[in-house]
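Shared between the two complexes below is chain A, which has chain B as its partner in the first and chain C in the second.
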Partner chain A sequence: MAVSYKPVLWNRQKKKYDQILWMGIALILGCFAIFEFLLHPTITIETLIIRATAFTAIILLHIILMIGPLCRLDKRFLPLLYNRRHLGVSMFLIALVHAAFCIIQFHALGDTNPIASVFLSNPNYQEISQYPFQTLGFFALIILMLMAVSSHDFWLNNLSPKMWKQLHMSVYIAYALLILHIALGTLQYEKDLFYTILLWSGFLTISGLHLVAGWKTRSQLRAEQNALKQEGYFEVALLEEISEKRAKAVFVDGQNIAIFKYDGKVSAVSNICKHQMGPLGEGKIVDGCITCPWHGYQYYPGNGQSPPPFKEKLATYRVKIIKDKIWINPSPFPEGTAVEPAIINHG
Partner chain B sequence: METLVSIILTIAGIYLLLGLLFAILFLFKGITKVDEAAIDSSWGFRLLILPGTICFWPVLLRKWIKGQNKAT
Partner chain C sequence: MDKQDHFYIGWQETMPAPHRRFLRPFLFGLVLLLPILVFTTVWFQKDFNDHRFELGTLTEVTGTYYESPVPLLLADEGELPNTLSKSILLVGFGKFGAEGIMKDIQETEGSLVGKKVRLSGTLIYGAGHTVMELTQKEASLVQVYEDAALKTPALATNGAYQGKGEILDPKCYFGVMKPGEGKTHKSCAIRCLSGGIPAVFKPDNTGDYYILLDAQGKKLNEQLLPYIGYLVDMNGSVSNYFDWKVMVVDSRALSLNVSRKGERCGGDG
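Then we have the complex of A and B:
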């Protein structure tokens, strides 16, 4: 039986993280509101809320986008990654307040449906200086909403890790939309250069950090691949090529090898069944055993041994996974030797 | 433009309404058939996944039907 889901798995670190997060949010909101009120004493409370929430949400989004590359560059930033989901959901809630006040203030007083009014009230879609920038913010908010509502582990398990990851990578589309939302919106009316400098320096910081982290990851990957080549490994397949509980057969360095993917692991054994030389790679894993498609002879994927009382044994091979690629060392171990399977890391 | 926006918003509205109806049924009955880790889960957890269920209901419906087929 699996462990039951909880709304939030609180622990001391998470509580501390959230306390600091909400203190930070209150500080940004408060400081911005004070400065805005001092600069524009006639500002209405609605406008103040719209501006303060917009500023806070975009600052939080920048912090969120910086955490990933910072952690790849320096492991000391890892505590920031630990509860990033709460940071993301908090950012979405603040952006939602911003959107709600915008829609109430600018679109709720006419006869048109307020949401339709976001798209229809300004039809200048062909002009850059008067572009209906609110539509860009609307689409960004939809993406952030889909990410926020799918942030619980339940969704990671039920949407599948691949789909969940793809969905959450769309934060970059939301970020691009928001940069345009601000550049074509507030910056067109704002005379103060402060916001322009802040936005573009934020964009350059995010882009720069991603480029540097990407370069570092690539260098590490190359170093790992070169090390594997020197140890006699060959790159033989992509993880996605092999279906769950199925295999891919490869010929490497004169060896006929079947690579099986099962239960988040990958193992490699000889592709030839000991019974009548059936192609094991065309079989599948049944009840935890590789099962020959010809006559159903079975072997454990981790050690190539038939389940007792049977005595058949297959040669086994070392497997490694680097990024999404499977590497095999074609030097066979003696038949029946246990080899640690390579673990599939969905991150 | 007005017609297009109106059609898209109507479709989105129907999708979310169906999602809400599905979510009520799913959170009472279907969730335990789809994910065994949800069997002893609290109502706080079910409330937390309600918005996601309304958004992603076709994925869960497919899993629910698939689970039923496997059981029979």
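Then we have the complex of A and C:
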């Protein structure tokens, strides 16, 4: 099926996000230039650009990697996730300026092709402290470039959400390469302990946030799993646990399911949004549709189908309500299958 | 359960008030934190030397051209400010030595060795030494004077050196790059020496600089490439080439000179 390209749809929040983002980037670059000229007035413009862009890009990458776990820990961070792709593309462009200046400065106008020189000029691949750190930055930049060019929904649809997500998870490989790039490059020249502490602080912050968010999610899932298991159906929730037009996500018999309560009914669909695998269970019923918290993709709760003209469909599940308890059968119906909602009997 | 059900949707005009109230101090904190982080990062950097590269400014200098052991222009009195050395080491455009350019010039002009010439180029200077990049390549020759050619003075050994230090490319170190030494500059130094810019040895405990030559008085660049970025033990006989010091090193024993592979040059800015 052909996938057509649609330009980025701008809205007020996207514009505001980008305004704040680029004001932040200007703040970092501007401060870097001012402080360099004040504290190290003999710096060259090339060195200033190389260092300022490197610093800005790595700070942005840390912010990008923090957004995911922060949103898991507190949903009020979700506005930062909404336009994270623009943050990523901006970070790549700044990293590209850093790489271009480095290649021109250190490798161009010589007796070897500049790109080949990145790999060949320093052949000490066998020694850690002498390792040609530029190669690590080069490969990280390739990963970031692939992510930047595939960030548009055109590629999301073309590659399929699963493959797209896998590609974009390689940001962690890029991050690891960049940590090594800094440790084996700049830290071999700038030997003040401050830089080692700074690098480790960033790494530990990212790792710690991911561990805490993962632990929270896992413990929630385990608690729910232990409470389930019945013949055919599993008891998964109390009615009062779910707010009107909101959901509870459960993990039952290998199925990740979102149970929605709305208009005196309860329906269950797959918890995974077809767009970017967002957690639908953290979404809300808006205008009669389940609405994904990440990018606002919508589905009817009764049949898992997106409202026309959209064509995304979710798997649906049977639901029963016995007294105040919600029971669910985790055998999924084919995507888009209408299932009678369970009716809440207030009597 | 929240008493008020606030739900964020990116494509809506505004975000819910609790989200806005939560994020505002968070973003404000970032605006305060980032400049502090930038300041400390810049504060702890090594300082740069005061070497200069007059990028974009071409200077014409009259003097006597010498070619051996390395291309050099001995500037006439008054041609350069007194603060600069008159012995101008010549290098090519980009990461190349000056030999190729001077060879092309001499193919049309005849030998210029020992003759008074006027060259145009970009000055690089620092630490008591002067280098000139022949930026305009063959067009760097402005004038050849008719004076009789002078003889190139022979290199007379006047001492020996033994010590440790770093091998540098003088073009970057004396002004083109900040820093022009250490791990981050290693690849560039390898490219410059590979392109024919003479290797210079900088001892780690003196302010001297030595152009490195082999026993035949030729540049040692290729043999030195594996040792760039290391702290190297070096020994050789020393002579003067105008204001420059030259060290003749036994290239066959060069590998033995690297005795401290555990130590790396971090540079001292």
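Throughout what follows, the second predicted complex is superposed on the first by the 224 of 347 C-alpha atoms of A that agree within 3 Å, B and C clash if a C-alpha of one lies under 4 Å from a C-alpha of the other, contacts with A are read in each partner's own complex, and residues count from 1 in each chain.
Here is the rule we go by: a contact is a pair of C-beta atoms (placed from the backbone, for glycine too) under 8 Å apart; a residue touches a chain by one contact, two chains touch by 3 or more.
From a predicted model like this one, the values you see are computed outputs, not experimental measurements.
Of the two partner chains, neither chain B nor chain C is touched by A:K325.
Legend: residue contacts after superposition of the two complexes on their common chain; A:I115 is shown touching chain B, with no touch to chain C.
When both complexes are overlaid on chain A, the residue A:R85 reaches neither chain B nor chain C.
The larger set of touched chain A residues comes from C, when the choice is between chain B and chain C. Of the two partner chains placed by superposition, A:K265 touches none, neither chain B nor chain C. Listed in rising order, the residues of chain A touching chain C in the complex are 9, 11-14, 20, 24, 27-28, 31-32, 35-36, 39-40, 42-44, 46-47, 55, 59, 74-80, 82-83, 105-112, 117-118, 121-122, 124, 129-130, 132-134, 185-186, 188-192, 194-195, 198, 241, 243-246, 283-284, 286, 291, 293-296.
Of all residues in chain C, those touching chain A in their complex are 1-2, 5, 7-15, 18-19, 22-23, 27, 30-31, 34-35, 37-51, 53, 93-96, 177-179, 182-188, 190-192, 194-195, 229-230, 264, 266-267. Listing the residues of chain A that touch chain B in their complex gives 1-7, 113, 115-116, 119-120, 123, 145-146, 149-150, 152, 154-155, 157-159. Within the complex, the chain B residues that touch chain A are 1-2, 5-6, 9, 34-42, 44-45, 47-49, 51-52, 55-56, 59-60, 63.
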